[in-house]
Amino acid sequence: MDRPAYIWPKGKTSALCFSVDVDAEAPYLWQHRAGLPDRLGQLEQRRFGPREGLWRILDMLDRVGIAGSFYVPSVVAELHPEILPALVARGHEVGLHGHLHELAGDCPQDAFEAALDQSLSVFQAQVGLRPAGFRSPAWEMTPAMLAALAARGIGYDSSLMGWDHPYDIDGMTEIPVQWQIDDAIYFKFFGGGADKWPPAQAAQIGQGWRDEFDAGRAYGQLFMITVHPWISGRAQRVAMLEQLLRHATAQPDVWVAPAAQIAAWHQTANAGRFVARSGLDTLAAHLPKGTPA
Amino acid sequence: MDRPAYIWPKGKTSALCFSVDVDAEAPYLWQHRAGLPDRLGQLEQRRFGPREGLWRILDMLDRVGIAGSFYVPSVVAELHPEILPALVARGHEVGLHGHLHELAGDCPQDAFEAALDQSLSVFQAQVGLRPAGFRSPAWEMTPAMLAALAARGIGYDSSLMGWDHPYDIDGMTEIPVQWQIDDAIYFKFFGGGADKWPPAQAAQIGQGWRDEFDAGRAYGQLFMITVHPWISGRAQRVAMLEQLLRHATAQPDVWVAPAAQIAAWHQTANAGRFVARSGLDTLAAHLPKGTPA
Amino acid sequence: MDRPAYIWPKGKTSALCFSVDVDAEAPYLWQHRAGLPDRLGQLEQRRFGPREGLWRILDMLDRVGIAGSFYVPSVVAELHPEILPALVARGHEVGLHGHLHELAGDCPQDAFEAALDQSLSVFQAQVGLRPAGFRSPAWEMTPAMLAALAARGIGYDSSLMGWDHPYDIDGMTEIPVQWQIDDAIYFKFFGGGADKWPPAQAAQIGQGWRDEFDAGRAYGQLFMITVHPWISGRAQRVAMLEQLLRHATAQPDVWVAPAAQIAAWHQTANAGRFVARSGLDTLAAHLPKGTPA
Amino acid sequence: MDRPAYIWPKGKTSALCFSVDVDAEAPYLWQHRAGLPDRLGQLEQRRFGPREGLWRILDMLDRVGIAGSFYVPSVVAELHPEILPALVARGHEVGLHGHLHELAGDCPQDAFEAALDQSLSVFQAQVGLRPAGFRSPAWEMTPAMLAALAARGIGYDSSLMGWDHPYDIDGMTEIPVQWQIDDAIYFKFFGGGADKWPPAQAAQIGQGWRDEFDAGRAYGQLFMITVHPWISGRAQRVAMLEQLLRHATAQPDVWVAPAAQIAAWHQTANAGRFVARSGLDTLAAHLPKGTPA
């Protein structure tokens, strides 16, 4: 059976986007929004991002010569007002990532929308632009949240995993992510007994990421890697990422671009080709009878 | 001490079965059968299976030139009615896997039997056949569930691990599985804090699987590998599986066959040779006196 | 500073003991001693040990040409009366391991002693001997349990980790174990959501075990490896163990012996040289004042 | 953008400190300060440190020819009065680590200060000196705890991760640590069901540590490795550490020094160059209005 192939720009058969979630203190503030503990451990660990990690990653991207997509919670932009202007000045895309890194599962729709509007204001005030895209802090979305993006003219979401190339869901352009190529799940570690596994060694994960990149080219994959400055700004991880990106950028048939460019391309060249619906009603109809709605 | 060796077809000294549990949305529906959450994350991740993963695996099997055994919850067949006909058309075995992927530990006997009958109906309606075998969604069975299979003329179960080649238990043919060569335990990852370990890199697991395959040949093993399209349909995993299967199919003394053929062989050539009983009463008699029955 | 070196037999500078905990159904019976569930999954998985795994390990030891120490819960000896006689006939040491694999943390002293006496009776009845040693099922002991062994003339315990060569604690000979070279912590996996990590690939663990063996020789280590037939009787693990043991037995300065021989040697050549006391009172005196005794 | 580089002594561009947390029984006593269980397993495992592990590490450091920084809970110094004198005699730095290894999260400020004073007394009594530095047992600190160090003239803290070279926080010199290069998170294992992951193989972690060391040199990193004698005194881990340190000490541009020397250097050559504030008030101001203080 011949199945439709994703259409990439002329001469390109797959793509890579280097995305950065600039979380810094935001998830900690969200977690402790009812009151901040009198402790410094995790805070200082997270502050390594805006102090060192972010700039190491930016310098590495300059050496490799690519532009990335940086999703910045607006409280991080407020706490570190040098970040958004620096990202724009260095030629990267900046995107929305909530205000306090609100987790969809704990965040009612009105709070989600309020955070969205607040973050749009901060971006406007600091760099005078309206971001083209949104990434959910926990890679979780609801149909109503997708609709809230559309209502504000936000052009793409980057939070779901229904294909490994761009697609449409409920009319919104989805630039999909993938757990396997996220740094936090392998390297995030806070101590204090809350962690479930120890941080991996970078070289082993980097080899797996390269394997995914290499294998994905046969499927027209968008290799959407996601890193966090306070995590991947550590020395061995920057080195691993540089090695991976040098390998990737050496492939002439791979298109390396920020997510906003990829979304624009998708809307032009693949409109209506890979279409999904939330379909929660259809699924609910298959539950045992008597299930509450 | 000379111990009896399993008898494989002439010229063959061990066997491989490539089995696929086509779960898609079914385990999520089972988990949320009391009411579906208003979220898309895990659903979209699972839908990667019927959209992409399944077809990548089918194409890979065509390249390698082998037929597999696909166990399909019947709700998945209802939601994606193209799946069962395609599997049959491409020469694969299709087997039972519950209706909503019912987990034995949470499923009373009458619900188990109702799901069994419902799934038999769906298979009959969609592809006009009665599957030869059943696989328990959680690799868990009770004596009564084995008896329910026998009562319906289902020829084999593939859920237990008492030998690493086929055997009989309570008179039912058991085509055994093995945790070590299941993809879900290494690669399944949902985020949101519920996971206990991060997804492994495919090459490392693939090397371990090859070691198990190679070492098992000395013991007349049935190498029963189990994969899920939404998990192993990801690029690097398909590539790893293809490499493993190319190695396995290059061994002339290994019989590669669907489980139904292996079960039929077992009933002919090894009847009465490897026999187990549930034996729960015998065990209970060894518990401290006063233990409630 | 010159520190005392452990004295091994002439020409030997370190030692290896291959120990096997023949657990089979026993831990499952202990866990469910209040009533056996109506399920077969874990039981069949454990029965792989007495059906296949144990005999694969025995054959492997014959190929390598060494004798091991097998600790058998006496309920396993009752359920599988062929095991103890076969172990003795093939030249291996058999040792105590509780009756129902009683875990020290859940087992009052009187139940511990009753299980000890029951298991001594079973060994006497089945193979007409009184084992020289005891291994705690969970590698946990109390001072009173050590004393209960001594009161019965049991010559050594093999459950603690205070040195990595034999020593004395409260007057009992301790043949120490080590988590790092136990198979269960890496390979045991039951499914059903209770596991905390997936089974490792044998080759990676085998390399680490070889590193420990190699490095331990400089310290006069007793390399006390521990395996379980239902776990390490799987194909790739037997192959890994054989490779490790072939490497170890090729070193002329390593003494390979069952634990009973090592304990006898210890009592002769190292009497009074490495002596520990439980010392719980001494420690309690360092707790903050007002701590209840 | 040119960012300031950390200034190391002439000819040196990065640094390494080998730090040892001599915990032994102390964390167990802290955990069970309400009453000691009648068990020996974990205690004997921990006692391997003062019996064997510590001396193996000291001999290894002599072979490599470097001095380390040893942080000793004062209850360990009381239980094993040979330790502090031996460390001083062999040329190593000794530093504070609480009395009972008090965990900051469970320890009120007055108890923290009492333990600090108690440990200062023990060090004075046993080796007649006042340590230059403190390391938090759980790598957690509060602003008030930093102030308590300063009030006692303790010259540096080594517990936080805000940079990967020395810095100042609230006026205190911070010699930062890093989870990735701590042994406990990879190797600590107690059994009994409380562990969340099995112990890693030393060679794999050692390779990752070498990668971090190598990559960190480009950033002027202080490679602050942390080990525990009862953990890393095991044979394969000592061997791995020796290999790592031989590699590190072969680099002429890396300064290997105890933390006290590094802190003194920092206060001279980098005063006011890398300055952080706790800033909890600033952060709290960004929480949603109505958050309790």
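Letters A, B, C and D mark the chains in the order given here, with residues in each chain numbered from 1 onward.
Keep in mind that, in the parts below, a contact is a pair of C-beta atoms (placed from the backbone, for glycine too) under 8 Å apart; a residue touches a chain by one contact, two chains touch by 3 or more.
This structure is a prediction, so every number in the text was calculated from the model and none was measured.
*Asks:* For copies subunit B and subunit C, work out whether under half or over half of the interface numbers are shared, and give different or same accordingly.
*Replies:* different
*Asks:* Work out the mean Cα position per chain and let me know which chain is farthest from subunit A.
*Replies:* C
*Asks:* Between subunit A and subunit D, what's the gap in Å when you average each chain's C-alpha atoms?
*Replies:* Once rounded, the distance between the two centres reads 35 Å.
*Asks:* Between subunit B and subunit D, what is the gap in Å from one C-alpha centre to the other?
*Replies:* Centre separation, subunit B to subunit D: 49 Å.
*Asks:* Give me the residues of subunit D that touch two or more other chains.
*Replies:* 196-197, 200, 204
*Asks:* Once bound in the complex, which stretches of subunit D touch subunit C?
*Replies:* Subunit D reaches subunit C through residues 25, 29, 32-36, 38-41, 43-45, 47-48, 51-52, 55-56, 75, 78-79, 86, 100, 189-192, 195-204, 234-236, 238-240.
*Asks:* Using the touch definition up top, name the residues of subunit A that touch subunit B in the complex.
*Replies:* Subunit A reaches subunit B through residues 1, 3, 104-105, 138-144, 146, 159-164, 169, 178-180, 185-186, 196-197, 200, 204-205, 207-208, 211-212, 214-216, 218-219, 221, 276, 278, 280, 282-284, 286-288, 291-293.
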